[in-house]
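Next come two complexes built around chain A: one with chain B, the other with chain C.
Coming up: the complex of A and B.
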């Protein structure tokens, strides 16, 4: 298969997956909202009087047959019309998109930190895994993997904000306020990534082509940089694609801990207030974002993988 | 993936060596001892928590650990942190256990069916699995919990239902390699029914995989439960789950850091125990099946 075809197939597959995902999630939300009681009462909020509930019921067409409601609901989503936020009376999708930049900033910073820490550390661990110090570091990485990301965040706050008073932990107030949230989000991925890079490097170091290169007089550094590391980077790239969804889950909590103005925090506060137009818009944007990242990794993967590159030329 | 895959030394062409059997057994044993301790504490104190878990003395607020009989200190209402940690065990560990059982049961059934039924049903199942895995499960969980309400069962069921595709994918991949083995093909040729082959020949061969996955899923569910409770979308706000304790502790990070460190330590202890068990079983079974040689 040529590279172009491989890319086209990957994009088609991701597109289809996204479609299935959006339809099933929208359907799930639609029926859950109706199963859990009178949606008009939920939408109107706890303190609403009967007139308000009736008004909302009529405005959203909640007195009509279920199928009619469902079709209109899907139709509205297709045209990207999620309605207005019940709380602020502004367009729900616009509210979410406003915060897209903040969430992406945090995600990109976390990915950069993850790469900067785990590539060298993983390569060092995997290059000669029998060495005694590296066994101890391996053990340490194992324990660190047992610390959930949000607990790492609380520990970071305790250390740098409460004890040392070096940094602040509230909101986005310039680059120095990015450090802790970005480190927290990165801590969701780093231990896993270190272990994958180390395992990939160790595996590559045992391959025949490394033995050949060593026999022809390549130094340790050359072996690592030219032969073992590219292999490990390939594995790490594949992992970023699959872990991006996990990173989004992590940013939900990280943004709440640090009062970060992204859509993760918006989603949580909207869920608490049962502001469903915003919840639906946020879930929609997250689904599209995850699919885009997965599609991008697929493409990047087929561009770097030498096996596919050779087949394409 | 084992903890210490070892590489080649010098010019010897060697595949990465898995953990030695002894090291794998040591990991497993350590993990089991830690998990056993949690189980005993849950049965002895957790299910019948000391009164100091719920009623405190306002005279004894914010006592530091190991002072005046408070092993792990006391909280903003003068309740014993040690007693609250124990009282949280049935919540945190119980929900994680039920969720892991649900995820693994559904995942195993779906994975086995997908491995056995060729053609379009397999393609549909695989697509379904890939689709759900690609979506952040926490996003779905917070939304569903908001509608179903807080509580033990809503949380356990939601987490289980959000997690089964991961188990299904692993079971599917493993079962695909097992159904190609000679003894399964022989049974098939001998006319043994599909369901019987899956139950008698394929399922037992999956045992190490399922045990490993159970440990890791249990750990993941524990983290997810505490994360949701931490966000205020998990167990009822009055329940002493570890996530709720962490959530409360945020207001007192300056006065009483132990309020955060105690539940955090409990979660990390349990997760490390489960990871040790999972990695130990995986390394030992790889070693015994000779795949690493």
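Coming up: the complex of A and C.
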């Protein structure tokens, strides 16, 4: 089976999964949100009289039977029409897409930082099994993994913004404002990634094929780069796939600390205000993104590991 | 004797701190001549694989050479730097490992593995390396060699994988090829094919065939050395050793091998267990299992010449003189 066919199959499979996923998530979301309160009442405000609430209900179709609302909602979603934000009266999807760029920027930067730090550090840790430094670095990584992200973020701000005045920490104002939030996000991922890469490298170095490579005269560097790492990065790729979802939706604290105009902040404020259309659009977009990343991970797997090309058929 | 690969008085052990090191190889003497295959036969734990790894400079962590020499073409391998070792490994010394299922990197193509080794040891370009790789695959009897360069290990059968492993060992035309149990992990019919191949290829250079199977040794080896508890107990031409074993251990091994003409006859196992590789040697290691043991066996017997190119380490050597 060729590489191209394997990739096509992986994408087809992921496409079908995505379709099922989106329908399920949209349905679940629709009913969960309607259980949590009356948006018309929230919109009208605490002081509003029942007539005003009813008027608002009628305007947004919130007074119709739930099933009618649901069918209309699903029908609209198919055409990517999530309706207008209940709060700002602008198109919900547009509102979400506006934030998407900022969040994606941070996520990609954080992943790049994570890879640049974790791959060499993890490979080194996994490769030198008898060094005492290994024990110390392992301990350090373990401690770092226990530091909550907001502490890391606040420490970074204190150092680089308040003391050194090198960087800015408010909003999205060009590259110098990207560094700290990206670092903060990466500080969640780096310890995990280092441990995965180190464990996988150590495991690969104990394999028979490493001894075979040694017997052909491979140097330590060649063993690591040509033989152990190609096997070890499989685990790292899988981790990137799962952590991406976290980067998309779970980066709220980081976004709040840095007043970052991203997804997480939008999602939480919309939930608070029962702004259904925005919540639905945001969750929808996250689901699509996570699916795309999973598909990309699959493709990466089949590029790295020839065995998976055959298994996919 | 002037061998191609000579191992002389090789002692290997695991030192820890001030204590006496735990010795696993206690004075191994072996010599392989050009065009000759020497079989190193012994049970698991006897030290045969350790001998092979020592010759490749690939001792496990903690193991040290305590004494002795390993010479290839008269050059002392143990005196060389790690860099020089890397030139020897895969260059002048090739090695075939036991398990072709786990011994080939799953994410590397056959051509990739071969040309990596070729370009390390020969000054050729990418295209030249692939040509040499293809020729190597053909020389180990792999059909459609050119297409197989692009294959990955999981796409090949066990027999083909072992052929790839052999190609990897001989691709740079080494002076000596060491094969460590190369047929143990294979089906019986494939075993015979791989043995045929090894007989041809190893005779072109020199070969050290490590095996626990006397039948395998009898099949392709010119000479046999029997190793027990880290010492060579008997050595000589294959035919002579098998027909007329001098050491009681060799005789015991032979009596325990099933043969076509032994139908109806019971196999005679050697009583007891072999000593642990780490056990200290105070007397002849075979003494507790030996039917011929006497008080004189309290002294460790030396490997002494027994005529006709044979050597035996036993106070009560068997054979024609002893029997007659």
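Assume the second predicted complex is superposed on the first by the 278 of 313 C-alpha atoms of A that agree within 3 Å, B and C clash if a C-alpha of one lies under 4 Å from a C-alpha of the other, contacts with A are read in each partner's own complex, and residues count from 1 in each chain.
Keep in mind that, in the parts below, contacts are C-beta pairs under 8 Å (C-beta built on N, C-alpha and C of every residue); 3 or more make two chains touch, one makes a residue touch a chain.
The structure displayed is predicted, hence computed values, not measured ones.
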Quiz item: Does chain B (first) or chain C (second) touch A:145, or do both, or does neither?
Solution: first
Exercise. With both structures superposed, pick whichever of chain B and chain C touches the larger number of chain A residues.
Key: B
Exercise. Scan A:66 for contacts with chain B and chain C and give back first, second, both or neither.
Key: neither
Quiz item: Where does A:268 make contact in the superposed view: on chain B (first), on chain C (second), on both, or on neither?
Solution: first
Quiz item: Which holds for A:214: it touches chain B only (first), chain C only (second), both, or neither?
Solution: both
Quiz item: If you stack the two complexes on chain A, which partner ends up touching A:158: first (chain B), second (chain C), both, or neither?
Solution: first
Exercise. Considering only the touch criterion stated at the top, classify A:226 as touching first (chain B), second (chain C), both, or neither.
Key: second
Practice problem: Identify the partner contact of A:12: answer first if only chain B is touched, second if only chain C is, both if each is, neither if none is. | Solution: neither
Quiz item: So, does A:304 touch the first partner chain B, the second partner chain C, both, or neither?
Solution: second
Quiz item: Once the complexes are superposed, what residues of chain A are shared between the chain B interface and the chain C interface?
Solution: 130, 208, 211, 214-215
Quiz item: Which residues of chain A touch chain B in the complex?
Solution: 16-17, 20-21, 24-25, 28-29, 32-33, 35-36, 126-130, 135, 138-139, 142-143, 145-148, 150-151, 154-155, 157-158, 161-162, 195-196, 198-199, 201-203, 205-206, 208, 210-211, 214-215, 242, 245-246, 248-249, 252-253, 256-257, 267-268, 271-272, 274, 279, 282-283, 286-287, 290-291, 294
Exercise. Enumerate the contact residues on chain B facing chain A in the complex.
Key: 1, 3-9, 11, 13-16, 127-128, 130-140, 142-144, 146-149, 219, 223, 226-227, 230-233, 246, 249-250, 253-254, 257, 260, 264, 267-268, 271-272, 275, 279
Self-check item: Partner chain C, residues of chain A touching it in the complex
Solution: 130, 207-209, 211-219, 222, 226-227, 230-231, 304-307, 310
Quiz item: Where on chain C is chain A touching in the complex?
Solution: 56, 58, 61, 86-91, 94-95, 97, 99, 102-109, 113, 116-117, 120-121, 152, 154-155, 165, 168-169
